[in-house]
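Pasting the structures here.
Consider the two complexes below, in which chain A is the common component and chain B and chain C are the respective partners.
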Partner chain A sequence: MESPFGFETLFHLGPVPISRAVVTTWGIMAALVLISWLGLRRARPDGGPVQTVLEILVGTIEDQIRAILQRDPGPYLPLLGTLFLFVVSANLSAILPGVKAPTSRIETPAALGLIVFLSIHWFGLKVQGLGGYLGHFLKPNPFLLPLTLLSEFTRILSLMVRLFGNMMSHELILAILIYLAGFILPVPFMLLGVLIGVIQAYIFTILATVYIGAAVGAVET
Partner chain B sequence: MTIDWWTLGLQAVNFAVLVWLLRRFLYAPVRKVIAERKAQVDAAQTEAATAKAAAEAEAARLKAAQAALEASRAGVLADAAAEAETATKASATQARAAADAMLAKAQVAIASERKAAVAGAQVELAGLAAGLAGRILQDTAAKVAPGVFLDGLAGALTALPADERDRLAADMAAPGAVATVVTARPLTPDDHPVWSARLMPLLGGAGTLAFAEDAAILGGAELRLAHSVLKFGWADRIAAAQGVLTGDE
Partner chain C sequence: MTIEMISVLCAALAVAFGAIGPALGEGRALAAAMEAIARQPDASGTISRTLFVGLAMIETMAIYCLVIALLLLYANPFVK
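Moving on, here comes the complex of A and B:
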């Protein structure tokens, strides 16, 4: 069994090693873009079933973002919606035979955590301005600044590790069960993995939204 | 534990690219479609609101027209009622006037008929009374002495006004003047001088006195001169009485 902390290089593009997780990610990206393009290439108000499903999906994500941020979800939808769709797709990709979830490798959650970390500060600076955004670190008490700064990193670290730990452990348990009991017993655990994958994607996206919401500050009136 | 920084960087780039791709192929079309649908719904709502407003305006107009119609109907009914009342009153007045006219005409006719009937009855009664009186007097005259008639005639001459008697005397003074005494029954020759002696002085003493009979005078006597007649006959008295009874005098 391959170590979850190791990396499997499939090929090299020049000096750049291309791992299995990257290739799987490319496949997920292609699938998401293809589905979106097929479903919405002739988008019209009375669209077909695929368009309707996509509209419901996007509308639901928008509603969630609006409910948390209490703001127009437009500027945040591409990042947070893509975060959810990608994490769900990456988590559930393990169902496919021979495919390993990119999120079960530390690099993918780390990359997502890095992007969320940068996005938090980007939106915070964009909405509150430099002074306002830096000022919010001093609240509620300037003496808590070190802890506040530390939490900026630890919460992203926990976000990343939570996703990685859940998906890696699920994959590890599934591998052990297959090794011990063959292919029938792990089926319930695979179904459980679907649930875990969706929940983890939801948690990851919601927490990212909450962090961004805290950065952009008070509710618009 | 080792981290493949290349993979980490590639995954970050991959995610960034995916954000851009989905923004182009998923979020933008969906938001565009939703915006179009919302615009359609808004347009439909606006159209519905416009139609509703138009319907309400039309309903209000119809209601106003109905109210005006009701008012007009009430006015027409009131006018018709007033006209009918006026016409009824006029008809009643006209009918009453016609009835009054007919009644007055009938009353006039009744009065005229009654008057004519009364007049006819008076004439008939007067004629009957005159006839009866004439027959009674005709029988009575035979039993009355002529001297009574002479006294009456002489009294009548005496009662004449002086100028009348002068005119009678002038008539008798004319040459050949004759005054005729007419009685119902002939006077006896013995009566002639008595009558002459009594009447001639009253006539101025000139002329001649003649005697004649006329049963039509029933009784009494008449003195007929050239230009006048002094009547003291009973027939004239009965005729005068009949005239009084019939209202001619």
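Moving on, here comes the complex of A and C:
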């Protein structure tokens, strides 16, 4: 069986091998940009159906972030909203025929985890200042400093592996079911996959929000 | 037993035993959250959001076992 850590090269762009996950990722980004551009090209107070759907989506994400952070979601909305929309469409892209979810390869969750890791420290430094941000590592007890620093890395690792493991294992279960039982039996499991994809995207975004909230001093973890 | 056989056996054992603890923990957490929602339906938004974050934390243990199993199966350092 093909390894989930493997690297599926589609073509070479000069000396750089381009994998299938990268092509799917760029396709998803193009689709998201295209939908936003088409929906908001002529934005009016009484906009069309696409604009209304986009407004409801952004408003819901804004409310959720405000409920967790207990402060103005303005600076955090672009990053977290884009993360949620990208992860949800990446997870759900697996239901299109011939497309594999890019999040079921290790490299896409790793890149998302790196973005979250860097933005936690960026927001922490920006809101609390250098002294305040470094001080919050000593917060419960200075003796716990090694564990606090270690958990900075392990929580990002588990954030990444949670998304990767869920999507990859779902793909693997579908492959085993098709191999064992043919074409009809996997359909309910593919429906379950839609649910899993949305829930995992929600959990990814909520955890990123909680980590950023802890860095800016809004919530306790 | 060759190193491949031992690796496959250990991968199965890691997932099987590693799933027991998180399963029991997630069951307890879910039961407590449902009881809390039944007592206070107004707070169901906060409770379920905290539940999701908590379940994700509990699930981390099972995910580490999955990583060990995947490393043993696909990226085993002892198999040439």
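The rule we apply is simple: the second predicted complex is superposed on the first by the 216 of 221 C-alpha atoms of A that agree within 3 Å, B and C clash if a C-alpha of one lies under 4 Å from a C-alpha of the other, contacts with A are read in each partner's own complex, and residues count from 1 in each chain.
Following the convention adopted for this analysis, contacts are C-beta pairs under 8 Å (C-beta built on N, C-alpha and C of every residue); 3 or more make two chains touch, one makes a residue touch a chain.
The structure presented is a predicted model; accordingly, all values stated were derived computationally and were not measured.
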Exercise. Would you mind checking which one, chain B or chain C, touches more residues on chain A?
Key: B
Quiz item: Which partner does A:Pro188 contact after superposing on A: first (chain B), second (chain C), both, neither?
Solution: neither
Exercise. Considering only the touch criterion stated at the top, classify A:Ile206 as touching first (chain B), second (chain C), both, or neither.
Key: second
Practice problem: Return first, second, both or neither, reflecting whether A:Gly48 touches chain B, chain C, both chains, or no partner chain. | Solution: neither
Exercise. Considering only the touch criterion stated at the top, classify A:Ala67 as touching first (chain B), second (chain C), both, or neither.
Key: second
Quiz prompt | Partner chain(s) touched by A:Gly135 [first = chain B, second = chain C, both, neither] | solution = neither
Exercise. Kindly classify A:Thr25 by the partners it touches after superposition: chain B alone (first), chain C alone (second), both, or neither?
Key: first
Exercise. Name the contact category of A:Ser169: first (chain B only), second (chain C only), both, or neither.
Key: second
Self-check item: Contacts of A:Leu112 with chain B and chain C, given as first, second, both or neither
Solution: first
Practice problem: Touching chain B in one complex and chain C in the other: list those residues of chain A. | Solution: 5-6
Practice problem: Flag every residue of chain A that touches chain C in the complex, lowest number first. | Solution: 3-6, 67-68, 158, 161-162, 165, 169, 202-203, 206-207, 210
Quiz prompt | chain A-touching residues of chain C, taken from the complex the two chains share | solution = 45-46, 49, 52-53, 56, 59-60, 63-64, 66-67, 70, 74-75
Self-check item: chain A residues within the chain B interface of the complex
Solution: 5-7, 16-19, 21-22, 25-26, 29, 32-33, 36-37, 40, 43-45, 47, 51, 54-55, 58-59, 74, 77-79, 81-83, 85-86, 102, 105-108, 110-112, 114-115
Quiz item: For the complex, which residues does chain B have touching chain A?
Solution: 1-4, 6-12, 14-23, 25-27, 29-34, 36-37, 40
